[in-house]
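In what follows, subunit A forms one complex with subunit B and a second complex with subunit C.
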Partner chain A sequence: MKRSEFVILIFSLCLIIVTPIFFRNEYFLHLLILGALFAQLANYWNLLDGYMGLINFGYAAYLGIGAYTSALLSIHLSFPLPVCMLLGGLSAGIIGVLLTIPCLRMVTFSTAIVTLAFAEIARIVATSWTGLTKGEMGLWGIPSMFSGQSKIPFFYLAFSLLFAGAVVLRWIIRSRLGIAILAVREDEVAAITSGVEANQVKLLISGISCFVAGITGAFYAHYIMTITPGLFSIGYTIQIMTMSLFGGKGTFAGPIVGAFLLILLGEGFRFMEDFRLLIYGLLIIGVVMAFPTGLVGAIDRVRRILWLGGKRE
Partner chain B sequence: MFLQQLVNGLIIGTMYSVVGVGFTLIFGIMRILNFAYGEFYMLASYGAFLAYSELNLPLWVVLPSMMMVLFGIGALTEKSLLKPVRQRTLDWSVPIIMVTLGLQIVLQNLALIIGGGTFRGVTTYLKGSLDLGWVVVSYERLLILGVSVILLIVTYLLIQRTKFGLSMLAVSQSRDGALLSGINLQRVYTLSFGLSAALVAVPGVMLMPLLYVYPTVGQVPIMKAFAVTLLGGMGNVEGAILGGILLGISETMASAYVSPLMKDGVAFAFMILILIFYPAGIGPYLQQMHQKVVHR
Partner chain C sequence: MAWREERVNNDVILSLVQVTKTFGGLKAVNGVSFEVSKGEIVSLVGPNGSGKTTLFNCISGIYTVNNGKILFLGENISHFSPPRICKMGIGRTFQVVRPFLRLTCLENILVGLYFGQEGQKKESRREGLRMLEFVGLGEKASKPAMELRLAERKRLEIARALATRPKLLLLDEVAAGLNEAEIQEMIRLLRQIHTQGITLLVVEHVMSLVMDLSYRVVVLNEGKKIADGLPEIVANDQQVINVYLGQSHDPP
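What follows is the complex of A and B.
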């Protein structure tokens, strides 16, 4: 680990620990919790798409599957919550692997639409299976993780999940597996001839990525305590994608920066009422037109201009 | 009953073909997914609503004028928003997809602010229906069928027979090769983006009585466009035409024999099933068959 990375690590840890002490505002904490959840999702979407090049436009489906599995288990069978969350993650991971099997044979952009179609099917099933999911009414009365009204325990849990997720992600990328992932993205045929089991790598990474999405969905369910089939909708997927691409696809810091920035900016424009989303959209267009490689790419470019090193493009 | 559903599916399917052809064209040429595509549909729908029911213009004026307006909007979008991104970076596929995502949000909210969230629309363009005994078709659906079939034929001829169409095909086959043969890439991009928007204007006008118009109506056609593009093979025009018809028929069948709620779900499941056996879509297989027949 480089020294600059170590400094950033310690600094962000301190910031996380200190924030709830100084900001008692529940709404602000809520936004930060959402930011952490979305950062986690954007990170692992980035693992699948940015690092491995397996485009997934139905990522919200795994979020929804994790949320519904965990919520239903805790309501009907009253399992302990950590077990529910783990099972939610596992079910999302297994379904993710199963869906990746047909995708292995397809060309790049086809997987995008197969996953999108799968998310739509999942949403329609969740909407019409009213006996189990209560349909559009949404599932409510999901047990909360912590008793009491305070958001601070949720805050610490969300950020420790994000932290653990980021560390695991970093470890995956730096390991032999990470090299295999990048090789598969750059040239699959060359990777296979060099002895990389491309299909196994794809299945494994899809499994990991969808497992994390499921866990995050389960956390969301036990945090908000009501869930609707809207959780499966393409809107969430697009939000996750936007965050990841806005910060910089295929970079480590990009999705995290993008997630927090977009969540906070989205709320920051709330005083503009009806014009809020309009400005949000214009901002996305503006930033992409100015920095096509994402914000992190832009920072790297500035550093290179100033002779401070920074990664080559 | 079965024949009735088949005819209904066929008619709506030809409209899906039009939607799909416009989308797949842009994918083939620029290798991007245009997320603002549904919003072009929405703009055309609003335009048709204003022109037809507020200004009382006849349909044969509304349809071509909307196509021209959308052609302008599409070409302008390409020139003002996408061209600068292309000039700034070499690997521009992903940034351009992002720009179209942003454009989608902007256009939806613009429509919401200006027009409000209410559902608008006209009940029908044409009243009455044709009763053939074994099947009943309303005149409006016949009109939809006629317009889309003519449009598909014209588009097909435009691509296969004109110089501009051939240059589009060349770009979609190999960007570098096209550049080396002296094709003006920028011009092809701008005109084909305009053409794609003009194509989706037709469903925008014609389907307005069926789907109504509201700010997020674009979600419906873009899902169909995704499905058709995938089914037909990415960037494959013939495949998209057949894919649209298949999607239309499978949707109506699903809604008649399974459940109207599950309509989209069954159609998508059918699509994934086809893709398991034909991973590249049906378009390439169609071309292979065509070649076999021709060379025999």
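What follows is the complex of A and C.
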């Protein structure tokens, strides 16, 4: 590990520990918790799409699958919550792998349609299977992870998950597997003729990425305690993608920066009500056109121009 | 007729038996058979569209043959996956170069080192640097492949293929688009690779390279083999001349 990375690691840990001590505002903590959840989602969407190049326009489906699986298990079977959440993650991961199997035989962009359609199907199932999911009414009365009103335990758990997720992600990217992931993105034909088992890599990374989305969904369910089929909607997927693109797709810090910035900006834009998504759209277009590598990429370029030793991710 | 090719012959590294590949109604490769012996340099030549690159894609597993067999060291590999074929010891480069553009040169090599062979030991980074130096790119190790010139990209691809520790190296037009000095450089490099005991099968249009290096030349035309032999003999073969220069007619 480089020294600068170590400093960032310690600094972010301290920031996480200290924040709830100084900011007692529950609403602000709630926003930061949402930011952490979305940062995790943006990170692992970025692993799939940004690092490996497997386009996924239906990532919210795995969020929803994890949330519903965990919520239903805890309501009907009263499993311990960590078990429910783990099973929520596993079911999302398995479905993610199964959906990637047909995608292996497709041209890159076709997977966009497949994943988009899958998320829509999942949303319709969640809406129509009223016996199980209570349809549009959604599930409510989902057991909470922590008793009491305070958001501080949720805050620490959400940020621990984000922190662990980011460390694992960094480790994957720096490992041999990481080089295979990048090779598959850059040129799949060259990768397979150099010995990379591209299909296995794609299935494995899909599984990991969707597992994390499922766990995050489960966390959301047991945090908010109410979920609706809206969780599967394209709106969430777009939000996750926007965060990743805004901060810098294919960079490590990008999705985290993007998630927190957009959650906080999104709250700032709340007075615009229905125009909020329009602003998101404009932000994607604006940032992507001005900085194709996102904010982090742009900052990196400026640093390199100024000879401060910016480093390519 | 008993297939002579099916007998295990220790000297034969690659043996094609009646290989056929069709795309719809088009027979891109039509019943081609030939052998490559260990330590040989064999050139595969022929006009555009004669099936040379298709044949390479069949050997490296990107295409599945419709008919026939491809034997590598006596084993039929015609239905093996590209990664498996690579690990068995067949490396290749591409006519239109395909380096991993946003990876550094060293990372490009590491892909081959990590995944192209069974049981890679440690010290890969040093090994990768050594390989880059071998092809003359030692100074560019931390540069993204995007920043390389064409001649350098071709050498990078060769190094990536060498990193998989091939026994047989398939080179698809490594001299195309290079200037005369770069071609001479390439010939030198290929000779060095060959002296390491690697068998070369080369698709090439640059005749100076073909005549200079080849032990044997195989000529394809419209998917069929029309000649196979020593370079000088093939170059004077009437059918080959007809294919390349057109049919000669009696003067009016």
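Structural remarks
Simple rule for what comes next: the second predicted complex is superposed on the first by the 291 of 313 C-alpha atoms of A that agree within 3 Å, B and C clash if a C-alpha of one lies under 4 Å from a C-alpha of the other, contacts with A are read in each partner's own complex, and residues count from 1 in each chain.
Assume a contact is a pair of C-beta atoms (placed from the backbone, for glycine too) under 8 Å apart; a residue touches a chain by one contact, two chains touch by 3 or more.
None of the values given here were measured: they were computed from a predicted structure.
Judged by the touch definition given at the top, the superposed model places A:Leu261 against neither subunit B nor subunit C. Looking at the shared chain after the overlay, A:Ala92 reaches neither subunit B nor subunit C. In the superposition on chain A, A:Asp274 makes contact with subunit B only, while subunit C stays out of contact range. When the two structures are aligned on the shared chain, A:Thr293 is found in touch with subunit B, with no touch to subunit C.
In the superposition on chain A, A:Ala213 makes contact with neither subunit B nor subunit C.
Put subunit B and subunit C next to each other and count what each touches on subunit A; the higher total goes to B. Using the contact criterion defined above for the overlaid structures, shared-chain residue A:Glu120 touches subunit B, although it does not reach subunit C. Of the two partner chains, subunit C is the only one touched by A:Ala180; subunit B is not.
Judged by the touch definition given at the top, the superposed model places A:Ala39 against neither subunit B nor subunit C. Of all the residues in subunit A, the ones that touch subunit C in their complex are 176, 179-180, 182-183, 186-187, 189-198, 312. In the complex of the two chains, the subunit A residues touching subunit B come out as 102, 105-107, 109-110, 112-114, 116-118, 120-121, 124-125, 127-128, 234, 238, 241-242, 245-246, 249, 274-275, 277-278, 280-285, 288-289, 292-293. Note for the complex: subunit B touches subunit A at residues 27, 33, 35, 81, 84-85, 88-89, 92, 94-95, 97-99, 101-106, 108-110, 112-113, 219, 223, 226-227, 229-230, 234, 259, 261-262, 264-265, 268-269, 271-272, 275-276, 279-281. Listed in rising order, the residues of subunit C touching subunit A in the complex are 60-62, 81-83, 86-87, 91-92, 94, 98-103, 107, 110-112, 114-117, 144, 160-161, 163-164.
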